[in-house]
Amino acid sequence: MIRVTIFNEFIHEKKEESVKAIYPNGIHAALKEHLQDDELSVRTVTLDDEECGLTEEVLAETDVLIWWGHIGHNEVPDEVAKRVQSAVLSGMGAIFLHSAHHSKPFRLLMGTPCSLSWREDGDREYVWVCDPSHPIAQGIDRYITLDHEETYAEPFSIPEPDKLIFIGNFEGGEVMRAGCCYRRGYGKIFYFQPGHETFPIYHHPQIIRVIKNAVHWAVSDYRKIIDCPHIQKIGD
Amino acid sequence: MIRVTIFNEFIHEKKEESVKAIYPNGIHAALKEHLQDDELSVRTVTLDDEECGLTEEVLAETDVLIWWGHIGHNEVPDEVAKRVQSAVLSGMGAIFLHSAHHSKPFRLLMGTPCSLSWREDGDREYVWVCDPSHPIAQGIDRYITLDHEETYAEPFSIPEPDKLIFIGNFEGGEVMRAGCCYRRGYGKIFYFQPGHETFPIYHHPQIIRVIKNAVHWAVSDYRKIIDCPHIQKIGD
Amino acid sequence: MIRVTIFNEFIHEKKEESVKAIYPNGIHAALKEHLQDDELSVRTVTLDDEECGLTEEVLAETDVLIWWGHIGHNEVPDEVAKRVQSAVLSGMGAIFLHSAHHSKPFRLLMGTPCSLSWREDGDREYVWVCDPSHPIAQGIDRYITLDHEETYAEPFSIPEPDKLIFIGNFEGGEVMRAGCCYRRGYGKIFYFQPGHETFPIYHHPQIIRVIKNAVHWAVSDYRKIIDCPHIQKIGD
Amino acid sequence: MIRVTIFNEFIHEKKEESVKAIYPNGIHAALKEHLQDDELSVRTVTLDDEECGLTEEVLAETDVLIWWGHIGHNEVPDEVAKRVQSAVLSGMGAIFLHSAHHSKPFRLLMGTPCSLSWREDGDREYVWVCDPSHPIAQGIDRYITLDHEETYAEPFSIPEPDKLIFIGNFEGGEVMRAGCCYRRGYGKIFYFQPGHETFPIYHHPQIIRVIKNAVHWAVSDYRKIIDCPHIQKIGD
């Protein structure tokens, strides 16, 4: 059983009727409902929970963390962000969704601004598969069609991905590296661009399939804190 | 002075009136005219030349080779293709343009099929800059507009680029990794997607700027054949 | 059940008594004996078999190919080498051992000379783990000790590995990137340096553990020939 | 003229006689003396300067920053470390020497612990060149000999380098990725392992040559703060 924890800031869904209509119980609840199955056990936490619900205990019991945040990035305490970074470096998998490109833990792990260009015109997006053989792309055809999505555009200031899985094409003419794999420390990280809160992206079966694939890809049995040991000379 | 050699198969321009109208003396002649300046000395060769004009002597006097080919890929002798591969591995720079993704030397250097999806509908393409700080992107704004281009689409079966510089967005919805940097052996390689023969792509000042930038990026003072030496124990 | 095919040129073991003493039935037989278990079904082929035993049928039934070759590289027909390259690009896993750095299929897949410096003084080698969390390093301590090994030294003219897993330290002072991961086309490739024929390297439990780990890492369910399709405009 | 700023914490050289004997005016002064020439203009700053001497003004006038730190890492204010990170992301080059693997700005840029194993036995180290064609390796033979160096050993918890230039072999049997190139944001970064304070490493002509090469490699004309712009639809 893979233990998944979903963090969602859970702000838009409470304040904006249009978002609430799509995700009545929050993005986290929708993701949980769609993801949990015989292999995935899912728990959810939000900004409303103490320490964002991300205590050492919860992280220690999490195989893969999924993160959605946007206007509440700065409400996540630095200490929590560093704790998440540390858990990933120690082997926890992590999936950062959409506007989580600017979340504190993602930026800490990347070391770069993770900025991009953006506009909200509800463009059609095609999310193209660059490598159909990759585990994260299994079950996906040549591209995923999103009728409406916020436009994210290059340049996206991330380190060169270890492996680029998806690229987005927006109706207005932009492109965006939409699915990026990284290994950092002992942990695996996947950034996935789709998921603006005003569109029902996380009810799209192919988007869910990608996220589920990514959970299976990101999980690892190896979990250990990285240290900086004083060693002895071999043979001494 | 950087010594540039342009190889062009030079077939379409002789056979098809519409192509001839754009490149009356061939793509190689147009590129030469646009590229040569106080820093670049340019020579051209074609399939009509003996050994494609790419003898050991010519390659030894070439700092950067630019390659355009399409329907004549198989007319390039294997021996010439291997000679070009070897020159790149020994430190010669190389720029492969458009349909040269399927040229023999590019495939030899990549080790993969370098295949992609394609259609010819004259789509508008925007060629987006992913890293505005890279030497190859200097002088280019956020994107280059091509009014009409052949559509090339992912998946593009290349090794993960060392650095991805451009991504193309096509009007019909496709995307393509359009500018890819590699280092192989001692040589630097740049693949650049724009340049279908039926459109005046190589008369576009920004496309020329990119190719010129790439020449400056690919050149190296280091030129040496890679060997596999039997060494002595240190101190013996 | 993972279907493993081991190719061994099988020359040294027949000609040299000292090698025969270590591998009486050949390196392939020793590897088979040590690798096969409830999860791995192993077959062996050699240069003595027609088409090296690597027909289209055999490759189609192979999940992961292991390759050992040295003085017989040139006896492998080009057609067989290209067939192996093609199978890897289509999704077959491949593990190249020791002197297979200069085998035809490995060089075809890398696109580079894959040369290195070498000497035969029976140095002690420590094979160090760079990433203890990687699947290929599981069950291995900080380093593997080889009492005697042929010395392979940098520079090793390979493309930058997607992921470097091991580095070798030789008694005489040399270093060598000893475990290198690549993805090419749909296939995964692992190069592993230990294994000179005059030392009992493939009877070392930790070396076998690494190779077994690599088999599990390299296997993929995805198997498909890469094509270059003429596509239709979306919506047409 | 390339403007180089050297930051040295400058603690050991004031407290320990043995270090003072090697670097009477500090490591920064030795580096400055050896590096400055017709092409490099060098200034030095230390922990004793207000804000470590690294104000916005100084960084704005710095093309390449060189960093040496060890026991004083925590005395560098977080704000200064973030300012340096930000300058690198905006295009300033950076070279981190030896124990600067654990400096605040390097860890911020990498996103990982950057830990390693270590011992102080004064081992002989050979620093091997992996790619003799790389600009940073010019003028260096197959390897650099250091008679005595602190031993740094793998695993070194860094992101996979964009390009690995050097690997160290230590007398006691360890290995270490000793020269690592990265691009982050608009800036280029080089980590170089040699340089323990108790040995005269920075008086070694080949070590100086590598650092000088790295300065030339890291410098860039492109300098700009990365933003996250709200864009307009093309054509609007």
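Per-chain residue numbering starts at 1, and chain names A, B, C and D are given in the order in which the chains are listed.
Keep in mind that, in the parts below, a residue touches a chain if its C-beta (ideal position, glycine included) is under 8 Å from a C-beta of that chain, and two chains touch if they have at least 3 such contacts.
Keep in mind that what you see is a predicted model, and the values were worked out from it rather than measured.
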item: Set of chains adjacent to chain A and to chain D; value: B, C
item: Superposition rotation for chain B onto chain C, Cα-based, multiple of 5°; value: 180
item: Separation of chain B from chain C, taking each centre as the mean of its C-alpha atoms, in whole Å; value: 32
item: Chain A and chain B, separation of their C-alpha mean positions in angstrom; value: 36
item: Residues of chain C whose C-beta touches two or more other chains; value: 117, 126, 131-132, 153, 160, 162-163, 173-174, 183, 185, 234
item: Touching residues (chain side chain D, partner chain C) in the complex; value: 117, 126, 128-132, 142-143, 153-156, 160, 162-164, 167-170, 173-175, 177
item: Residues on chain B engaged by chain D in the complex (per definition of touch); value: 91, 126, 131-133, 138, 162-163, 183, 185-187, 220, 222, 224, 234
item: Parts of chain A lying in touch with chain D, wherever the complex brings them together; value: 85, 89, 102, 108-113, 115-119, 121, 151, 153, 157, 159-160, 162, 172-174, 182-185, 226-234
